[in-house]
């Protein structure tokens, strides 16, 4: 068993790494120029290039992958020469990067050729100080300075050669002199819970992601609680009545429900309950992220849609497994031992019959997530699925990456749980 | 003990017919079966596969599945009719008064329940016994069936104990409620011969102590001779003959029984008993049974009456036989018809060249442990020592038989020779070329000279290709035959396998097991190899077909002057077939030599035990009673010294109870004429043992 | 040998044999019903190639009409004839794939079909290698497949489409990538089962190449389950195309796509309910039909093997 | 000799739902007079005897022929059996003589042998008679001799020492209080392969012993 567990944990880690790589390269390398989307189609190539470098997109892809996954403060630290720390902004609460200059959080900016150090005071305000003596000299004699700018980048300024950069402000693009030569957007990395900034909203991804995950968890959780016992029960009933009418109804009904796409099921449920019967709200309007807690009725249709799709699948799996088990020699033994039929089913059959479905159900979680995307889009439900969808449509790859990693993590974790459950249920592995 | 009369039979089956409903009608799997079993008696039912033996068993416990039912006749158990009994009444009888044990114990036990729980419920459900009281009973019963460490076994799961032990658990479970009738359906077929012998001893003992009536179903005539008093022979759903074992084995009256007796090898005192005569044809499926006598199409004595009229069961000197002409048919006067004629075995000149030579050949497999260290690759490397120091030579045109129980390494040995596996160390040469590596390093011409015949007829042929394509493939691949002549060559080969040209375009699923095996042999011979390795080529076949395949192999060996290495688990098959025999135990060859020398003293103690375990289909033959204790140790950590020392019944003959066996490897003792024994006990002592098998002189 | 030959010398013709294997389908009522549903849509598709009641993409009618004599199934929010659009909707799924670029060239075989063929080719190759060769091959291939399987399918679609943009070829690629791991797993387990058979040993002792053994000895015996699986996969693919269309990232316009039709009609669900029902029903019946067919076939095949 | 050694194992048993007519048939076909009625796990519920199945006149008096037929066709053994509480049973580990004394005391012809409530066999008067025969070595040939000895310690040893001195075998042995001779025991021995006069002569030599009967039994 130890062997089995260690193997699956190692395999899980490797899988996660592969997935993150695939995700990152597919999105960041495969997708086109994101700056077009942000700056608009009328931006000039020069503006885009400048903005790209501000986003750190001019660094090699593998470098960006490592930064994205593991952060880069530990790497950049040596260039700046001071430890880099994050301090929450007094007003927005968002994390800001500062260099820790002997206990004094410091940032820099270049203004009219002058290098200014911004020192953070205890009350959150900053004091400016000219630090011209801090310029360093490289082999060719050029003077440069590595520091942290006010937009959370590690930057390199060259003395006397302030670059022209295009800065995005609320009013649009503005050209500024005194820009740095190189930008390295500082980040803690996904492993440390920093998914970067949403390109769409300009805010940290993690700020909005978690409430979405929570909403989805509620939706999926409710559906799961309804589906599991019902589906297992129906599957077992169908399995022990193999070939009879009841079995036919459950099997074919289950097949129909599973084979119907979620959006079709959803539309029909809206038509029936929302428009014709008017029992439930046809189009849910989620005014706030907490709407589902204020009006649980909004959950009804999304849950029903998910249930319809999952129920059939799990019931059919359970049925197939039950049929196989009921046909096995040890069930024959139990009957020949004179065990009452109920006992044969409950004591001998169910445990063995549930082994296969449980692993499959756990593998099926990523199918469920697929369903969630569709259901959330139909009903406008503010969950993770809709978040991915919106981000993907916009091309907000920081957000897609983070959200997709969340779903993948959930999928892999449930698979691990499935493996574990199987191990616990199956003594052949437990005592191997 | 007493002169008490056995008043009424425990089980009385009369004119039983069982039918299965299938699409478009029904099939009568069993017809006109009648017999009765008395208290304390073991009744054998014997027949080939597909004869309806198991169906009879299932009918008795009334477990025929959704589509089967008893169509006619009656089954009376303890005077009460079972046919038509209500479900609840049947349930109370099952497991209480009628118990059943069937073939594969691993399948019969619930894999996810502890053995104790599975046993206890028999008592808690039927008798309403309390849990710990039931546990006590179960432990007692396990001890009664000689299960070592019974209390511990109760807490285990089925996969944690060996096959022989599983069968003991199943038997103990069946006996918990002291049933009046125990139905056993091939209970030892899946077990090794030494384990089987021990289980058969146990069954005999239990039947005596519990006075339980046992219905014992098997295909093995030898097992019947060992355990039962009376026997019924089934063929194609009918019982064709029944009577006492002594009478039927001595003088079978039905042509089918006679045929069966002729086609099973008897491990008698002399080699003549090993000559086999097959029955032609095969058992008809229930849908194609002939109108008259069911055995008619395969019978040597068939007459017009047999084709038209079904014979009735008649009493002939105490034997009930279903044959029109049983009086006129005398077994001893039978001569094989031409098509079944035995190949004339000419002595191959003994000074022929050596074709295969193994020198200290070893094959180890690395195994992975389950500790954390092992998983990350830091654990100590452990090996399954599958073949250890194999040393022998095979001369051209000769046959070497390799015998041993499962897990003894015989299959690994031939896999290494043929190159499916590379050897770990040692040297193997074939026709002077080195073959110690695996097949990828061998020359095309060498590959062509070494071919193999496989065990399982159902998987020996690729279901997607026709017979012709499959036999032709080696010819094309090795270019032994020009492309345009392949068809002709294949047909020639088919004919020498006694299959006609019309088999060329058939697919494997249209063939019977024996035919598939013939095609498998033809395919192995297609590249004209010098050495053919046969991996139990007949063990999955019915006895009447086995003989035909064995004889065919002998014939082709003559015709093509092929050398054979032949693996078997059955000592009786090998005897007739081989010039030399090697006996393997746990990867080690224990004894090797000319066939006759192996079957007579001096024996290696393991050979002796094997010989005494083989069930012999002849009640007049006496066997020494030697049983091995325990089970075969793991090949991962084989016992030190002599690998057999943990179970050797003869060890105590040595000074200090055989201490030397635990510490030192024995030396090969040569006892003349190529006969070698790997044992510490001096050959002179081994020579003094009595022969294991003696014919009763009466 | 005295074995009765059931065919008594006369060998059945190829046609008879083929008919015999096809006839299995009709043994199962479920499979027959499924086949009928699939054939119905295929027929509609072929008809639409030459004839539709009206021009599918033209807004010739009043918007949001209920079913009537002219527009049998009504019109949509742009006044297009739903019947014609529905009919033409089968084409991109089952009958033709539009090549990228501005050219109007299409190749036969729908997006769903090519997607499944793609995943079969990729999956079978990977699966056979993993299953037959075992060892490191197996470890590495399975690790990669595990990573692919770990992606929720729809996220993978979204990612692929976010990266590559819309288009028939992109959808085919997305179906191929998402389908291949499943096919590979099946092919692997079949290969692992089949490779234990003695005829594989026989091929090995003949020194056959690994490729020969995988594709000539193993693959023909795995085709039954693979075919049934492929049938199911066509269903999944249609399911997926519908979903993508519904999410507005599926097959590009102007040709009608059922999923997209549902999506557009959904926005007008209060004013016109019929427009949303028809394409929904179309997708559901086609997918269910394929599933029923595959399911019945599988059941019949296992019975046949018994 | 214990009960378990001479009882009939696996007796025919019936379930409580068995019809009385069916029970009657089983008795007839199998030639038995008692049928234990058992529930699941062979737990004893009662006993059916031939007398129990016989119709009782007082019950029949009020019924006409049709009613009797109907009554009989629905009558299950549970209604007429002797319930467990009233059935005399014996443990399989008890001695045979104990079983015999129970049977003679309560004048019953058979005892179900019950261990922990479960029927493991049945012992009838016939079984006891069989063991009596066995005890005295009935089935085999030999000389049956009856020696009358005083009821004093050591007398029995004298006989056995004489027998062993002669190297005779003993196939059966039994002793009974001498009829009409208080203070004496009659010891019956069965000795094979000897002449009866020789036996008489040798056994008479012991002082105080009297050979009262000797005969060849075939």
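Order of writing sets the chain letters: A, B, C and D. Residues in each chain are counted from 1.
Heads up, the rule we're going with is that a contact is a pair of C-beta atoms (placed from the backbone, for glycine too) under 8 Å apart; a residue touches a chain by one contact, two chains touch by 3 or more.
Because the structure is a prediction, the values reported are computed rather than measured.
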Can you name the chain whose C-alpha mean lies closest to the mean of all the C-alpha atoms? B
Interchain centroid distance [CA atoms averaged], chain A/chain B, Å: 59
Counting in whole Å, what is the centre-to-centre distance of chain B and chain D, each centre being its mean C-alpha position? 47
Could you tell me the distance, in whole angstrom, between the mean C-alpha positions of chain C and chain D? 82
Whole-Å distance, C-alpha centre of chain A to that of chain D, is 86
Going by residue number, chain B touches two or more other chains at 92, 96, 125-126
Note: chain D residues in touch with at least two other chains are 40
Residue numbers of chain A (touch at least two other chains): 338
Go through the chains and record each pair that touches. A-B, A-C, B-C, B-D
Under the definition above, what is the set of chain C residues touching chain A in their complex? 30, 143-144, 146-155, 158-165, 235, 239, 242-243, 246-249, 259, 262-263, 266, 269-270, 273, 276-277, 280-281, 283-284, 287-288, 290-292, 295
Please name which positions on chain B make contact with chain C in the complex. 280-282, 288, 297-298, 418-420, 439-440, 442, 444, 447, 450-452, 454-456, 459-465, 470, 473-474, 477-478, 498-499, 502, 505, 512, 515, 520, 523-524, 527
Once bound in the complex, which stretches of chain B touch chain D? 1-4, 7-8, 10, 39-40, 78-80, 89, 92, 96-97, 123, 125-129, 177-178, 180, 210-213
Contact footprint of chain B on chain C as seen in their complex: 1-5, 9, 11, 196-199, 201-202, 204-208, 217, 220-221
Quick check: in the complex, which residue numbers of chain A touch chain B? 1-3, 6-7, 243, 328-330, 332-340, 343, 347-348, 351-352, 355, 425-428, 431-432
